[in-house]
Every structure is written in structure tokens, then in C-alpha cells.
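Presented sequentially are two complexes of chain A, the first with chain B as partner and the second with chain C.
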Partner chain A sequence: MVSYVVRRVLLGLLTVFLVLLLLHLLTTLAIQLNGNPALAFFGDHVPSASQLHAVEVRYGLDDPCYDQPGNPCLRPFWERLAQYAHGDFGTDLQGRPLTELIAQAVPNTLRLFVIVTITWLIIGMMLGSVAARFRGRPIDHSIRLTSVLIDAFPVFVMLVVYRFIFTVPLTTWARRTFGSDSVPALLFKPSYSDSHPWLTLIVPGLLLGLTGCAPFLRLVRAAQLENYNAEHVRTARSKGLSNAHVTGYHIVRNSSVPVVTAVGFVFADALSGAVITEGVMNIRGMGNLLWQSVQKSDVSVVIGVVTILSVVTIGVMLLVDLAYAALDPRIRYD
Partner chain B sequence: MLHRRLPVRRPAKALLAATAAIALFATAACSSGGSGSNSSDSGGSQKTIHLALGQDVDTLLPMDSNVGDNIGVLDVVFDGLVRYDPKTTKPYNYVAQSIETTDNKVWTIKIKKDLTFSNGEPVDAASFARSWNYSAYGPNAMANNYYFERIDGYDAMQGETDDDGNVTVKPKAKELSGVKVVDDLTLQVTLTAPFAGFSTMLGYTGFFPAAKACIDDIKACSKKPIGNGPFKIDNWNQGVELTASKRKDYKLPEVPNYDKIDWKEYAGSSSWPDFQAGDLDLGAPPPEQWQQANNDPDLSSRKVTKETADLTYLGFPLYRKNRPWDNIEFRKAISMAIDRQKIIDTVVPSQSVPATSWVAPTIPGGKAGTCEWCKYDPAAAKAALQKAGGWPSGKVLNIYLGKDDTNEAYFKAIGDQLALNLGIKYKLIPSEDFFAERSARKFDGAYRNNWFPDYPLNENFLAPVYSSGDPKNGNTNFGYYDADFEKAIKEGDQAPDIDSAIAKYQEAEHVLAKDFPTIPLDFSNSVTFYSERVDNIVINPFSGATELRQLKYVG
Partner chain C sequence: MTASVAVDLDVSTDRQGGTWAAVGRHMLRRPDVIIATAISVFFILVAALPGLFTRTDPQRCDISVAKLKPRGFGHPHPFGTDVSGCDVLAQLVHGARPSLLLAFTVVGASLIIGITLGLLSGFYLGWVDAVVSRLLEVFLVIPLLLAALLLLSLFRNIDAGDSDFATIVQPAIVLTGFGWMGYTRYVRAAVLESKNLDYVRAARALGASDLRLMFSHILPNAIAAVTALVPTAIAGVISAEAVLAFLGIGVRPPAISWGIMISTGAPWFTGGYPYLLLLPLGCLLATVLSFVVIGDNLRDALDPKLK
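Let's turn to the complex of A and B:
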């Protein structure tokens, strides 16, 4: 088991390295083709060569390789790797350390993800289990139909519709009925408020979680159905164990493996959905940070944030694989 | 990271996972950056204004601020030597006691006594010199660096680079030789050449003073600037919220009647729902919500519209020879074939007005109607095109612009009108690299240009945009040169007082009107909606921003 984990960690490090290299090449090409962000600094005014150079130094883009399209610019790449190895993750275009930006953004994204996960579990697991339990009955059909409907709705449509159509009337109503600092008024506040971090995140998190729970729901149902007809379940039933005990003790756990796999996939999906959610609801989280820095061509921040997100994703995949071993004793790694 | 709680199994693993999830919950909740503490906003004794700020504001250093949002904040945190009248945009002395010159080249600025920064330091001649030297020093790469081009000693502070960007000559000086601190309250500035508009420039953000403590720790100062204005910054949670409160020791008269300002940061125009919900005091809707906002009777009763000095115009690469647009009749034809009002009504309704001059009518020296051929007259346009020799059939006119959805729609409408009225086929070429391509003179066709003035004077629409001093190549962006134009500008720079200078600059605009090198299209409108808690919304016609010092809190 230990050697398995070590192998996976090493593989993970290699993946992170490749991600970094690819990102570097892409952003370098983007700067070479789209124009140095240092030029955009001057807007309509035509800068002199030395003014432009001063801004390029400030942005860390003064290596001449940035003027030659196609040049892979490996020297800045190694410099950046060396910095990362020393724990120096660089600064944004204004000189703010990346660690500070991330420390500010991570709690918001984490809170959003906690709400999203709870939504998945409650809606996905519960409804999936119910659909499996009452297979073929009306409730099963309606749950499956609803999941298809939810799946068809892109997350940004839900969010934009919610924010621009529903929040204002809902907030005004809630404020009038319950008072302006009341819980319902804050729940429907049109944008995220730093002084009430959890309350103003519940609805966006719910909506984001809804979009991810549809595949989850169906996977749970399918996995459990497989187990309903399994031999060990029939044995348990014939022993006289109650339905509840059989469902909870034998079925759910054994159907967890494909579900846990889904967690891995949907996690990556939710990460990109978070960018949209945070953008629409004005939440200063990792997704928003990434989005803003891409728009500003802030290379350091883009690479730094994506690196961290890749590390996190790889970590989650590793945990998912380890969870298999925990859930199913037949699965062992050596 | 995610922690997945196993639903029913009670053994240790599930419990462990559950505990971990709860711990995560707790730490995330406790570590919330809750420094934005205006939870009790019942007014009480503290009158607070709630405004929106762009999330991409990344500095509050005056030397480095040249964008609308930064400038708006700094307008209440700092005072300049002069301020601009909110209605006429004419400058008047504010921190300066007097600004005098006999030859428009050497300026003597006397500063009022006993003024202080919010940290107690005196606002004296040295504080202005300090700030200006910091901006003018090339390696600092400050956004407002080029404003100091006109002052003696600027060139020595830039150094030189070769074509590859390698520094060949380091800057020789760290201070402007043309800026002299004569005594505590007197500053003497020597320009490289006479310029009548110098005192007008002094109200701009780039000319604000800097405290010594600010220069000593520039990074802290960019986040929490030390200003000499009526408000001081309390806290800036970057990307989230900025708060400022009134100074108790402020001596000058322009102080608003509210005590605190709370800026919440938003990406793009996403602050509109918050304004509708009553959380903000000023707001403007995004284009999709425009109609709805204007049709709402309650909202539109709380709306202020003002024409600004933001000009959009069409340019031609006159540096390329033997092209159809070399001929003035061709350019006239293009201009008269464009129905400016119709395009505005369709693409950006109520957000612009057609331009009939190269200088904004809203600033000193600007006058509408200087452009004779800026009217819509398709018959005259066809005649002019004929006179120019027609347009080669099958040839396509390229129209270059930067990447932006609204601009692309706008210029597509222009292209369609040219096709309809003159039979000219066009191709829209939006590009990310627009600025670089324009200065590298890569265009072969018409292109969109935009000009927003740096200070309220007609000269700023003329000299920086069209002047070059180079009869052979003309100016970088357009290749334009006219000796009469350069002469009028020079005479204006040397004029004995600002009014005669303005008259001379107007003559330069008439030369432009005669030469017709570019085609003025429109001036933008600034539109603001306001809440019931505030009154006296005055939009500055030069910047398009709401004057915060004029804003009244009525609760």
C-alpha cells in the first residue's frame, strides 16, 4: 500500500510538472501573439522604448524571448520552477504576493464547495437511493426525468436567471417582511457579502451543486440497482433482516465505488463551474481570481493558481483511489 | 479539498471523515476575511455612502493611477494644486495660493499655508516635487510617467534601450532638473518649451503630492495611500471592499456632508442587481438591462445623463501612399455616408451623441459644429466619392479595431452604411493586438480610435493626437502633418494667457477641419442612476464620473 501511494505521489509530481510546462508554453505563446500586456498599460499613448522596457521589467516580461513568436522561453520557465521550489510563488502585476491573494480567495471557494458537496450528498445520494429502492414506480420516473431536466440546464443560465430576475424582488420582499438584516433577506442578497459569508453563499452553492448532482444521482441509482439483485443481498433478506438494514448496511456501501469515481469527475467539473458561479455572484474566490488574471494576462497568477488547482485535483483523485481500498476490501494495491 | 461523508456506515472511517468535514467547516467559517464590517447600516450617527468599484482596481497610488475608478477614489483622498469646476471644467486654485508665469515657460507655484496630510506631514513644495520625481523616473514604470514630458530634465530620467529592450543607457538623473523647491511653500517649474496649458494640467491625479512616509514604503502606500484630501482610507480588503472616513483635521472648504464611503468591488457591470436591491447609492445598468431600467418610471426619475469628452473617431493610414483615402473627397464621402444618430440609436441607444467636432464641446475651447462634413447626406457622399475617382469595384475596405462586442457591433453598422450608401464592401478585423499594430503602422484600411482627454483643455485633443514635428513621416498613428497646424499649436503654447491660448488652439482645430484627416463619430454619454438616499448628482463633463464632493446624503 505504501509503495502504491509513493508511486502515485511521484506520478502526481510528474503530472504537475507537465501541467506547468504546458501552461508556460501556452501563456508564452499568447503573449507573443497577442501582444505584451505591458503595451496595453499605455492605452492610446505611444510609449517610448525605455518606458515600455520599464513596464516590462515591472511585469517580469522583459526577457527578449517574448518578442519572438514560437520561442519556448525556457529560461523564464526554469527561473519560475526554481522560485516555486523555494516556496516563492511570485507576485501579481501589482506586486502583491500570490500567497496573499490565494489566502484571501481560498476560504470563499472552500465554503462554496462545502455547500456544493452537501447538496450532492443530500440530493444526489438521497434521491438516487429512493429511485433505486422504488424502481419502476412513478417516483423513480419523476426523479429520473428531473435529473435530465437539471442536466440540460447549464449552470450559468441558472445563475444569471436567478441573479438578474429573482434576487431583487426576493430580497425586497424579504426585507419588507422580515427586516433588512434578517436571514431570508441575506439568503437572497444579489451578491456575496463578506460580512455574512455563509448565508450569502447558500443559494449559489445550492445552484452549483444542483447541476453536478444529476449524473451523481443516476450513478447512485444504477450502482444500487446492481446490488439489489446481488446474491449477498438475497441472502441477507432471506436471513430475515429488515429492508432498512439491508439497504443501509449492504447496498449503499457496496455501491459506493462507482459513486466515489463520480466524485472525482464531478469535482473537476465543479471547479470550472465555480469560476462561473464566482464570477456571476461576485465571490472573490479561486475561480474568480483565475478568471480576472486571465483577462489581465497576469501570467504569474494564472500559472500559480492553476498549479495549485492541479495539485488539489491530483490529490482528490489519489484520495478517490485510496477510498476504493477503504470501501471495498477486495481492492488492494501493492 | 473535498471530504465525502459515507452515509450510513458508522465505523471509525466514516466518523473520521465526518469529523474532518466539521473541522473544515469550522475553520473555513472562522477564517473568513470579515473585515468589511458594515453590518449595522441603519445610518445612526454615521452617514455612509455605498458605491461600486471595479474589481480590477489594483493600486491607489496617485502616481500610478490613470483609470476612471482609481481616479474617482483618489479625488476624495487627495487635493490637487488646482481643481476643476464641476460644471464648466475650468480649473481654479485649490491647494495652490497662486500659479504665475510671465513667459509660459517658467512657472512659480505658491502653496497655501498649514495644510497637512492625514499622517500629519505638511503639504509643502517638497511633497509635490517628491511625487513628481517618483513618477518621472523611468525605471519606476509609473502609469503617469509621460505627463512630465514637458518638464525640463525629463529625458535624463528615462535612460535608453535598444530595439531588443536591453538597457543601453541608464537614466542619468533621479530628479527633474526643471522642478525647484525655492522655499517651503514655493515651487518653481521650468518647462522644455512654453505651454500655456500647464496650470490646467495640475489638477490631474498624476500631479498630486506625496508624503515622505508614502515614498518610503510605496507598497503600503499603494494599498493605503496617505492623502491630503477630506477623506482618509480606513481599510482596503483588495478585491472585496474599500472603506474611507472623513478626516477631522481637514482645513479646506470642499467637504461633502457624509462621514463614510463604502466601496464594494464588482467584476464588470455586475453591481446592478445590488443597486436595484437598494444596497448601492449609484449605479448603471449593463447593456442588456438598459431598456428595462429606462422604462421603469421610478428608476428613470432618478437618472442623470451628461455628455462627456470621450471621443470615438475613424482614422486612415495617411502614411501609405496611393490609396483612395489619400484624397480628401473620399474621406468626406465616407463621413457623409454614415448616419451617426441612427447607429447610436440602434447599437448604443442614449449612450452617445453624434460628434461634429474634433474637440469635445464640453471642455474649454471645444465647440460643436467645427466639422463641416459630419452630417448625414448620402447624395453628397455619392457625389464626393465620384469626385474622388470612385471605389475600385470588388475591392474590400478593411476596418480595424480592438476586440470588444459593442464596438464590433457599432463598426459593423458603419460598414453596412458604407455598403448601402456608397457600395463599398468592407471587412471588420478585430484584433487583440490593436495598440501595437497601430503604433507599428500595420493598418491598410480604416480603423477605430478613441480619445479621452488627460486634462480639460482643447489642446489635449489636438497636439497629443495629431502633432509630430515631422514633416516627412507625420505623426505615428496617422501619418498626418500640416505646418499650419503645428504653427497654431505652437502659438497657443506661447500665448500670454489661457484664453488667447484657447483661441489659438481653436485655429488649429480649424486646420484639422480643413484637412479632414480623421472622421469624428461620437462622444459618449455618462449615465448614472441614484438611490433615494442621495441627491445633487453632478456628473463631471470631463471625466464622466459623479462628483463625490458635490454628492449630498439626504438619508
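Let's turn to the complex of A and C:
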């Protein structure tokens, strides 16, 4: 078991390194083909050569390799890795350290994730279990149809429809009925508000969770169906155990192992969804930070944020793998 | 040698024909599949031959007829005009092309990459497998939309030209680059399962080359799993394209796509022009939904265990 954990962690570190290398190579190629990102610092006015050089030095873009298309630019890569290793993630174009920006953004994204995960677990587990229990009956068919419908709605469609069609009448109604600072009025507020972080995040989180729960639901259903026909379940039934006991202890519990691991797989999807959600609903989280820096061509922030999010994803996948190994005694550690 | 080749082919096509005929029968019994197929064929036709459905040029916009409400067919602007006076029907019709072209390009390219890598890594194992697995994990942990956001914004000043294909080439590369992993996993698993079966060993003992083993003996076992993924993947790419266009980094104006129409039409919904949002949204959802329905039923037909 220990050697398995060590090996998985080492492999995870290797993946982190490769992801960083890939991102570096892609950005380098973009800079070489696309021109100098240091120009973004000056906005519309044209800098003198010495001003430009000063900015290039400050953001580590002064290496001549950035002017030679095809050059992998490994030297600045090692320098950046060394900086990252010291906890220095650079600054944005206004000179604010990236760590500070991220520290501000992370809580909101985490809140969003908490809501999304709870939505997934509740909706996915409930509907999935019901569909498996009543397999082939009308309720199973309607749940499956719902999951197909959910699949067909991209996250951004849900959000756009909600934001541009529902929020305005809903807020007006809630404000008129309950007062402008009441809970329902804040719940349906079309954009995020700093003073009520949880309330204004609930609906976007629910929508994001809803769009992601279809694969989850299908997985729960498939995992439970496998158990319904399994021999240990037939044995339990033939012992005369009650239906509720068999379902609760022998089916739902046994089939939750693959479900737990699925959280890891859909995590990356949820991260993509979070970027859109935060963009459309103006939530000041990681996705919004990324989106703003993309608009401002703030390359160092973009690389920093994507790097951190990828590392987090690797971490989550690693944890899920380890949890899988710990939960399922049939997994061999070799 | 030639004789044995002929026999091989006969056997394999026979078996395939049996499976696929059963799948076809299963699909044709379902009314939702028939409706979904009709809708997707209709939109594919729209994308391929826009001239059949509208004669108006979507790019010729006359501000003096801006914001006309839909009046029905027979009027010069049957679905009305948008904020800058462009014909909505013409835009809808011409907006189908980038989405569908992108979807088929991306899925086709990812299939080729995914199947090749999956075959190689499952067949040879060893270092090939180690390299492919690392590569797979690297691409898997970078969320698709983050990668698209990063790359498309970094490369946004590069002009590829104005042709139909040039407007989608950048999103196509990015979506393919981060879309091949699913196929590789399925193919690799199927290869591992079937490469030690007796008939494969027999073919190897008869002196079949690696290529021949891979393509005519092992690959057919993986086709079912991969086919079930394709319609869903097409639907995924269409909605990903709409998201990218909505964010302003996918297909860009002056090219038209449903995503762009949704993003420009959305703010006008409450202003009294709901059709500017509802029409492109309806087209997008109808297309995505019909591909998802086909994919879902195909998965059931190919994997009866889950029915």
C-alpha cells in the first residue's frame, strides 16, 4: 500500500511537470507567433524602446528566444519553475502579486464548488437510485429522458436563459413582495454581491450542478443495476432480509465506490463550468480572474491560474485514486 | 495466402453485419430516434446547402429595417431582422455551417488520433503505453475550457483567412487537442481485452503482420464502444463551439454562428425582442438534443446490459 501511494504521488508530480512544460511550450509559441505581450502593459500608447525593455525585464520576457519561432525557450522555463518553487508566482500588469489575487478569488470558487457537489450528490444519487429501483417502469424512462434533456443543455445556455429571462421578473417580484434586502430578492439577484456571498451563489451553483449531474445520474443507475443482479444481493434476499435493508446496505453502499471516484473525473468538467458561470454571473472567483486576464492579455496571470487549477485537478484525481484503493478491497496495488 | 485473407474478411463482415443489423432494428423501433435523425439530417442539409433555405445574404444588413418582428413566410424577412438590420433567417441558416463543420472535423480528427494511440499503446504496451498514458493524463487534467480560453486568446491575432475552413481552424485544433482522450481509453481497453484471444493468436501464428492484427482482428472489437461515443461527442462540440463564440474567442464575426447570435441577442430578450435569443437558442438546442438522443439510444443498443 505504501509503495503504491508513493508511486502514485511521484507519477502525479511527473504529470504536474509535464503540464507545466506543455503550457510553457504553447505560450512560448504564441508569443513567438503573435508578438510581444509586454506591449499590453502600455495599453493604447506606444512605448519607447527603453520603457519596453524595462517592462520585458520585469515580466521575464527579455530572453531573446521569444523572438525566434520554434525555439522551445527552456531557460525562462527553468527560471519560472525555480520561482514557483520559492512560492513566487509573479505579479499581474498592475504589480499586484498573483498569490494575493488568487487568495481573493479562491473562496468564491470553493463556495460554488460546495454547492455544485451537493447538488450532484443529492440529485444524482436520488434520481439514479430511483431509476435503478424501478428499472423499466415509466418513472425510470422519465428520469432517463430528463438526463438526456439535461445533457443537451450546455451550461451557458442555462445561465443565459436564467440571467436574461428569469432574473429580472423574479427580482422585481421578490423585491415588491418581500422588500429589497430580503432573502428571496438576494437569491435571484442577477449578479454576485460581496456582502452576501452564499445567497447570491446558490442559484448559479444549482444550475451548474444541475447541468453536470446527468453523467453522474447514469453512473449511479448503472452501478446499482449491476448490484441488483449480483449474487450477494440474491443471497441477502433469500435470507429473508427486508427490501429496505437490502437496498440500503447491499446495493446503495456497494455501488457508491465508483460514484465517489466519478466526482474526480467530473471535477475537471466542473472547473470548466465554473469559468463560464463566474463569467456570466460576475462572480469574482478563479474563473473570472482568468477571464479578466485573458481580456487584458495578462499572460503571467493566465499561465499562473491555469497552472494552479491544473495542479489542483491532478491533486483531486490523485486523492480519488487513493480513496478508490482504500475503499475497494478488490483493487490490487501493483 | 490470398485464400485465407478472403476467408478472414468474410467472417468479419458477416459478424459485423449481424451486430449492426440488430442495432439498426433496435434504433428504428424507437420513435424518438427517428425524429432526432430527421432533425439532425435537416440541420446537416441546412449547413451543407444554405442556398436552398434562404436567398438573402446574411452579411448585407440595412439599418433602416432594423428590429423588424417576425412576420412569417412570404415577407422579405420571415423571421424578422436583428439590431443592425440583418435578416435573422439568413443568419440562422448560415450560422449552422461553422458549428456542424467544426463538430465533424473535430470528432473525425479526434477519432483518428484516439484510435491510433489507443491501438498502439494497447498492442505494444511497454514504453509506448507509458508515453501514451502520461500524454493522456496531461491532456486530461487541463480542463478543456481553460485550455481553449488560454490558447484561443493567445493566438487570437493570427489571421488564417476568410474561407469556411479558416474561420474554424483554431477552435478545431484546440478542441481536437483536448478531445481525443476518451477514444484512446476505450480502444486501449478493448485491445487489451481481445489481443490474447485465440483467433488473434492463431492469426499471429499464421504470420499476420502487426498492422494486420491491429486493424482487421483487434480493432473491430473496439468499434462498438467508440461508435456509441460519436453522436454525443458531436453534440458536445456543437455546444462547446457555442460557448466559445459566446465568450468571443471561437468563430468570430464577421463569420456567423449560433453562439454569436445568442450572445448578441440575449440582452434584447427583455427589451421586447425575445425572438433574437429564442430562435438561435432553439436551433442550437434542437441540434444538440437530437444528437444526444441518437447517442443515448446507440449506447443502449450496443450495450444491452444497461437497458
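What we mean here is this: the second predicted complex is superposed on the first by the 314 of 334 C-alpha atoms of A that agree within 3 Å, B and C clash if a C-alpha of one lies under 4 Å from a C-alpha of the other, contacts with A are read in each partner's own complex, and residues count from 1 in each chain.
Everything below uses one rule, namely that a residue touches a chain if its C-beta (ideal position, glycine included) is under 8 Å from a C-beta of that chain, and two chains touch if they have at least 3 such contacts.
A quick note: this is a predicted structure, and the numbers were derived from the prediction, not measured.
J.: I want to verify the contact counts: of chain B and chain C, which reaches more residues of chain A?
T.: Larger number of chain A residues touched: B.
J.: Between chain B (first) and chain C (second), which does A:115 come into contact with in this model arrangement: first, second, both, or neither?
T.: Neither partner.
J.: According to the stated criteria, A:262 is in contact with first (chain B), second (chain C), both, or neither; which is it?
T.: neither
J.: In the overlaid three-chain picture, which partner chain does A:168 touch, first (chain B) or second (chain C), both, or neither?
T.: both
J.: Which of the two partners, first being chain B and second being chain C, lies in contact with A:123: first, second, both, or neither?
T.: Neither partner.
J.: So, A:302: does it touch chain B (first), chain C (second), both, or neither?
T.: Touch partner of A:302: chain C, not chain B.
J.: Contacts for A:213 in the overlay, against chain B (first) and chain C (second): which applies, first, second, both or neither?
T.: neither
J.: Of the two partner chains, chain B (first) and chain C (second), which one does A:15 touch, if any: first, second, both, or neither?
T.: A:15 contacts chain C only, not chain B.
J.: Quick check on the superposed pair: does A:279 touch chain B, chain C, both, or neither? Answer first, second, both or neither.
T.: both
J.: Is A:156 contacted by the first partner chain B, the second partner chain C, both or neither?
T.: Touch partner of A:156: chain C, not chain B.
J.: Which chain A residues come up in both lists, the one for chain B and the one for chain C?
T.: 33-35, 163-164, 168, 279, 291, 295
J.: Can you tell me which positions in chain B touch chain A when the two form their complex?
T.: By the definition above, chain B touches chain A via 1-9, 13, 21, 24-25, 28-29, 31-40, 55-56, 58-59, 66, 138-141, 143, 145-146, 158-167, 219, 222, 237-241, 264-267, 270-274, 276-279, 289, 432-433, 435-436, 439, 449-452, 464, 476-477.
J.: Which chain A residues qualify as touching chain C in the complex?
T.: 14-15, 18-19, 22-23, 26-27, 30-31, 33-35, 136, 144, 148-149, 151-157, 160-161, 163-165, 168, 221-222, 225, 268-269, 271-273, 275-276, 279, 290-291, 294-295, 297, 299, 302-303, 306, 309-310, 313-314, 317
J.: Of all residues in chain C, which touch chain A in the complex?
T.: 134, 137-138, 140-147, 149-151, 153-158, 232, 235, 239-240, 242-243, 246-247, 249, 262-263, 266-267, 269-270, 277, 281, 284-285, 288-289, 292-293, 296, 306-307
J.: If you look only at chain A, which of its residues touch chain B in the complex?
T.: 33-36, 39-58, 62, 64, 67, 92-96, 104-105, 107, 110-111, 113-114, 117, 121, 125, 163-164, 167-168, 171-172, 175, 181, 189-191, 193-198, 248-249, 252-253, 256, 260, 263, 267, 279-280, 282, 284, 288-289, 291-292, 295-296, 312, 315-316, 319, 323, 326-327
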